[in-house]
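Each of the next two complexes has chain A plus one other chain: chain B in the first, chain C in the second.
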Partner chain A sequence: MKAPDSLFRRLLLWLLLPLLALGALMLVQAYLDARRTADRAFDRLLEASSQAIAEQVQWQDERLWLDLPPAALEMLATDAEERVFYALYDDDGEFITGNARLPGDPRSDDISGEAMYYDDVQWQDLALRQGVRRTRLEDWRQREGFEVRVAHTREGRERLTWRLFLGNMAYIGAMAVLAIAVLLLAVRSALRPLTRLRRAIRRRDPRTLAPLELPLPRELAELRETLNELLARMRRVRANQERFIGDASHQLRTPLAGLSARAELALRQDNPEVWRAALQAMQTTSASTARLAVQLLSLTRLNNPEATPELSALDLNDIARQAVRNAWNRCHRDGIDIGVDVCDSPVTIDGIDWQLEEALSNLIDNAGRYGATHITVRVNATPPELVVEDNGPGIPAEQRLLVLRPFHRGEESGDGSGLGLAIVDGIARTHGARLRLDDARHESGLCVTLRFPAPTPTETKQ
Partner chain B sequence: MSLLLVEDDALLADTLGDALRLEGHDVVTIDDGDRAHDVLSLPDHGHELILLDLNLPGRGGLDVLATLRTHDGETPVLILTARGAVEDRVRGLDLGADDYLAKPFALDELEARVRALLRRHARGGPLQVGSLTFDSVTQRFTLDGESLALPPREQRLLTCLMSHAGEPVDKARLVQEAFADDAVGDNAIEVYIHRLRRRLRGSRIDLRTVRGLGYLLESS
Partner chain C sequence: MRVFPIVLSGWLWLLPIVAMADDDSLHFPARETDRENTEPRELIIRGALDVPQFEPVLEDFHQRYPDIDLHYRNFSTLALHQHFLDDDTGTDVVISSAMPWQYRLANDGHGRALDSPEAMAWPDWARWRDELFAVTFEPIVMVYHETLTQRFDHIENHDDLLSLLEDEREALQGRVVTYDPARSGAGYTYAIEESQLSPRYWELIAAFGDVNADLVGTTGEMLEGLADGEYLIGYNLLGSYARDFVRDHPQLTVVIPDDYALVVQRPVFMAKHAPNPRTAELFLNYLLSEAGQRVLAERTSLGAVHPALDGDGTASALRKRLGDALRPIRLGPGLLATLDDLKREALLSRWNREYQRQRNDED
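So, the complex of A and B:
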């Protein structure tokens, strides 16, 4: 799990990040709650103390006066040893008495009533919590409003806040530790089948293509099924290859046996005529064996799903011309008339040039081998087609599917390898083209058509 | 000047060497890639044609070819390979080979290619196809020992066909060669070919039509 991108890490990251964010949010919330609770508790003291003070305000000598009851201030100084302040103001905001000129209620004077007003104030570098009570003194002589302001420093509040907060924090921390532990366990247990799968694959004999059999949770079971399908396909490919290799080795062994037998026989005799005949036979056989080897190689390469080259835009006219140019010398030597019949404008398709040339070369070769004396390679534009037409014996309709199979031969007398058309078929499939075998148009003979899918619309075609 | 044959299979090297010597060439044979590389990296290796196998012990044939082409773009190279696929031919030609022959091949075919390559790369020497020769210095043709006077276009056409004797030459190529920039149709070339044929009539030189492709000059 040390890989730079591990599922374990990814899961953990995505689960832990929100958890941490949530934890941080809870801590902030806990602190604010603790503070609010502490404030509410201590504000009660401010209220009680201001009440006690207000009750002692009297009318004396034509003005308001206060005899401060000591208990009123004592209740504000808890065992945290806060500093305590009070002040009495009249209706006009004039300081009457007190031990500090506290800032008071900044709200407009119109708001009155018995409600207490609390706020946090800064007074002479001290952070204070202040309570302001507006009330009035009423008797038969006078009706006079006044304000009692009491305040104390925050030590007691902070101590309570901190105590409440610590209690909450321990609770949240315990929850977090528990959650992370459960998370780790969950992720680990969720990923354990993956480890099992990996081990099962690693333990396998690299040569076996048997399906994987182990119980897995659903998501991984799908992966296992996909792997098994792949393995099944590979089994089929391998069976195919084994059959092909068997055929191929048989096909190669037979002419080699012939060659060596022929040479042995010729060496037993002393007649140059016999040698000459043997040499000629051996030349023919070795040439066709060599060709067989070449074709086996190209068929193997075509059937190799790992090596599919990229298709690129090409002109069928060029392919046809090049194939005929390549084949001309050989055909000319064998007395075969070969020609090409191309379109006036380019016929563009997506394909692999060397494969198409190889297909044409195989078709031309086949035609010549089976007795054609006149071969035409034609290009059609719509739909894009490569056609090889000859005047040879042709192939009966019922055999046309069979001849596409490797090592099948149209007639046993021919000296072909039986691979030519299989190769062409393979190339056609690579190109998504349809391979059709018909009678030639005008005379006896075979007409092989490779019909390509229409080119992609971006390409211009006249 | 000699031909250099780089081929590691002893039987094939001996046979090809003998066949080419019978044709009257000097042949030097090398059987591994590293030695071929050493010889061909010399600025003046002294070979007029190189027959190069691709699958060599030591350095591969394509490597040798690439080295040669870094300093020598002239000497013709004919690639011989058992890999066979057209794919390899394309790679070889891209690297600067002049022709390509897949094993197995007929000796006839090899000899014809060698002749064609030597003819095409003859430096200033006379072109010769059978009894037809062209002296590039005097710009004069000789057919069966007699001088053959040709108008300029026919002369350019015949020179082009002679330098590619034995292989089909595209009509388009001939049009470009004979008429240069004049925009004439493919059909005009047929008139000139017809005239050339009349002039060659009675000799052993054939000017053949390759259906749909072009023309080919050969000595029968």
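So, the complex of A and C:
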């Protein structure tokens, strides 16, 4: 767990584990094979020896008789100087002669036939391999059956098994080394494109957002495409930002240039009346410029993805009333009829009060600025909505998306900054609300709806 | 295990082959040594090897390791075998001239492996695995009385003997002695080995029957009879005993046949359940070492096997003199065949048939 996770290690682990398991299995198999081979080779000796003994069995003096050939025992001893044992049993399992009482052939009489029976037996603490030959006398008159049992210790077999096994093990070991080497190379070469990708990314100019161009295997090509899509999005975002900054500076430069020109003009005169008029005009301009700056600030703040505003439960009715109260004086002065239409019961949502008030004031302001004479602020309960409806000229349907962009204004330019609806849009996004622009219900005009998500039930109870 | 006692009982009446009177055991008590803090050590050797023959070896060993309390007890070959089977935990080392019986014990796993440098260096033809080591080299010989050479030719080999027996049938009636294979385990072993070695063996047995050769149970009996002049020729005597005996009886001559001569080797092994395995190993290593073998060669007539020794009384010297004629009984599974009951019955009946052939023909 200490070492950082590595693809290389993970691949190697999952490839090596089965390989090692397979290797172990092969070793076991090789050992069993070697043992079987050795047994087969040495069982031949048991067979030959028992044959040599069986050939010497005769019927003599009314009994089975054996003239034991020493060579039969010498044969069993092998180079390993095994301990050898032999025994002759008659058909009834009676011991006739031998140097050890060896167990017999457990198979039933009819199956055995002439086939040798081999078995590993334990005789007085010695592990023996024994062969049993069941046969009968080849005599016309006497066809007495008998069993020749021969056995020897396993040293020669074990030695041969071990030798064969060592041979196999060397072979398997070489295979394993080769396989591991190939595996290392394969894993390394499979991971090489990843290194290439990393190098390509690291080598890039940090300011460029150009797409990555480099040939990669399919799996990594997908990653490259995803990366390129991200880069394209970032390019668009940056273009938007650049345009916004350009527009903003342009917007700020125009009134500032106007102020500067106005002051210069006034300074050429000596008439204090003219100065006063100029100062008054300059005050108006600077006030609207200040408002523009405030709006830019709040838009920037709203668009800042890092900011996480704290939402609190609030009543939309209060917000609507407060907004109308704030706008009342100005509307009254401009001869605009403003009304509020709230619900009977509180409409509670999670939100930030100053932002919502700002949104409403922007909308009311906008409506007034574009010539509406009648503005209604309405609150709907289900779903929770804030609606501002006016009887102004409205916005054609095809332009409704465009007006949400900063510095976009309707066809006739009033003295608006073009930021109002953009700010409202930002606020709506902060609240997770949907901003909809529709035609007004009765007359021409615009109906702006902010539809909020339903609050979580616990908060409704509060 | 019902049959086993019967198998053995077939052999039991052979017991008095090498039976000795009272001087059957030897005890070298542990002596005080300079070395203190040493545990008292013990060593129990059981053998079928006459005390006077073995004593120089045991004495020399005890001088080297005086802190060992050394017991030796001599048995007849079959009594030793039975004694060991009855209780294999009271014996450390077993030595016996009965090669088949020794081999059988080792084959059945009663031996303990010895992997010392001495054991590794021991010649392959005189060992079986790391368990059974043949430490002596004793040819089977003929012995004749000087009267024989005064009246007849020298005999140097089996062919001479056969010719002599056939030519001088009348003169040698009852004057020839050999082992009775039915009564003596040693005689039986030689008979079975010789019958496999030489196709003319049965002619020789027939010739023995012709001269009514006396059949006795031990080499000792044969030597006594020869010394008395009762017998002129003794056949198949244990060379080690004969050499000793002839030294005191100049009228006798030992002949190692130059056509073929069986060689008996005494196999020795450590018991698997030896109570004192450490001292047993010490003794075996000593017996296989050059020093121990030199004692065997120079102070006994048992003959040394160690390849580095080539003086008088060693296998190397005998081989140099007799070459291929020496036929050591092979220490191998063939010995088990010797012990087969049916085999024994078959051989003895053949032997008797051959021995009585001429007589029957005459009848």
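Going forward, the second predicted complex is superposed on the first by the 267 of 462 C-alpha atoms of A that agree within 3 Å, B and C clash if a C-alpha of one lies under 4 Å from a C-alpha of the other, contacts with A are read in each partner's own complex, and residues count from 1 in each chain.
We take it that a contact is a pair of C-beta atoms (placed from the backbone, for glycine too) under 8 Å apart; a residue touches a chain by one contact, two chains touch by 3 or more.
Since the structure is predicted, the reported quantities are computational estimates derived from the model, not experimental observations.
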| item | value |
| --- | --- |
| Partner chain(s) touched by A:W65 [first = chain B, second = chain C, both, neither] | second |
| Which superposed partner A:L435 touches (first chain B, second chain C, both, neither) | neither |
| Which superposed partner A:L45 touches (first chain B, second chain C, both, neither) | neither |
| Which of chain B and chain C A:I96 touches, first, second, both or neither | second |
| Touching partner for A:L302 - first (chain B), second (chain C), both, neither | neither |
| Contacts of A:Q124 with chain B and chain C, given as first, second, both or neither | second |
| Touching partner for A:E74 - first (chain B), second (chain C), both, neither | second |
| Contact footprint of chain A on chain B as seen in their complex | 84-87, 89-90, 102-104, 106, 108-109, 112, 166-168, 170, 210-213, 216 |
| Touching residues (chain side chain C, partner chain A) in the complex | 1, 3, 104, 107-109, 128-129, 196, 332-334, 336-343, 346 |
| Footprint of chain B on chain A - complex, ascending | 286-287, 290-291, 294, 297-298, 301, 309, 321, 324-325, 328-330, 333, 337-342, 353-355, 357-358, 361, 376-377 |
| In the complex, chain A residues that touch chain C | 65-71, 73-74, 76-77, 81, 83-86, 95-101, 124-126 |
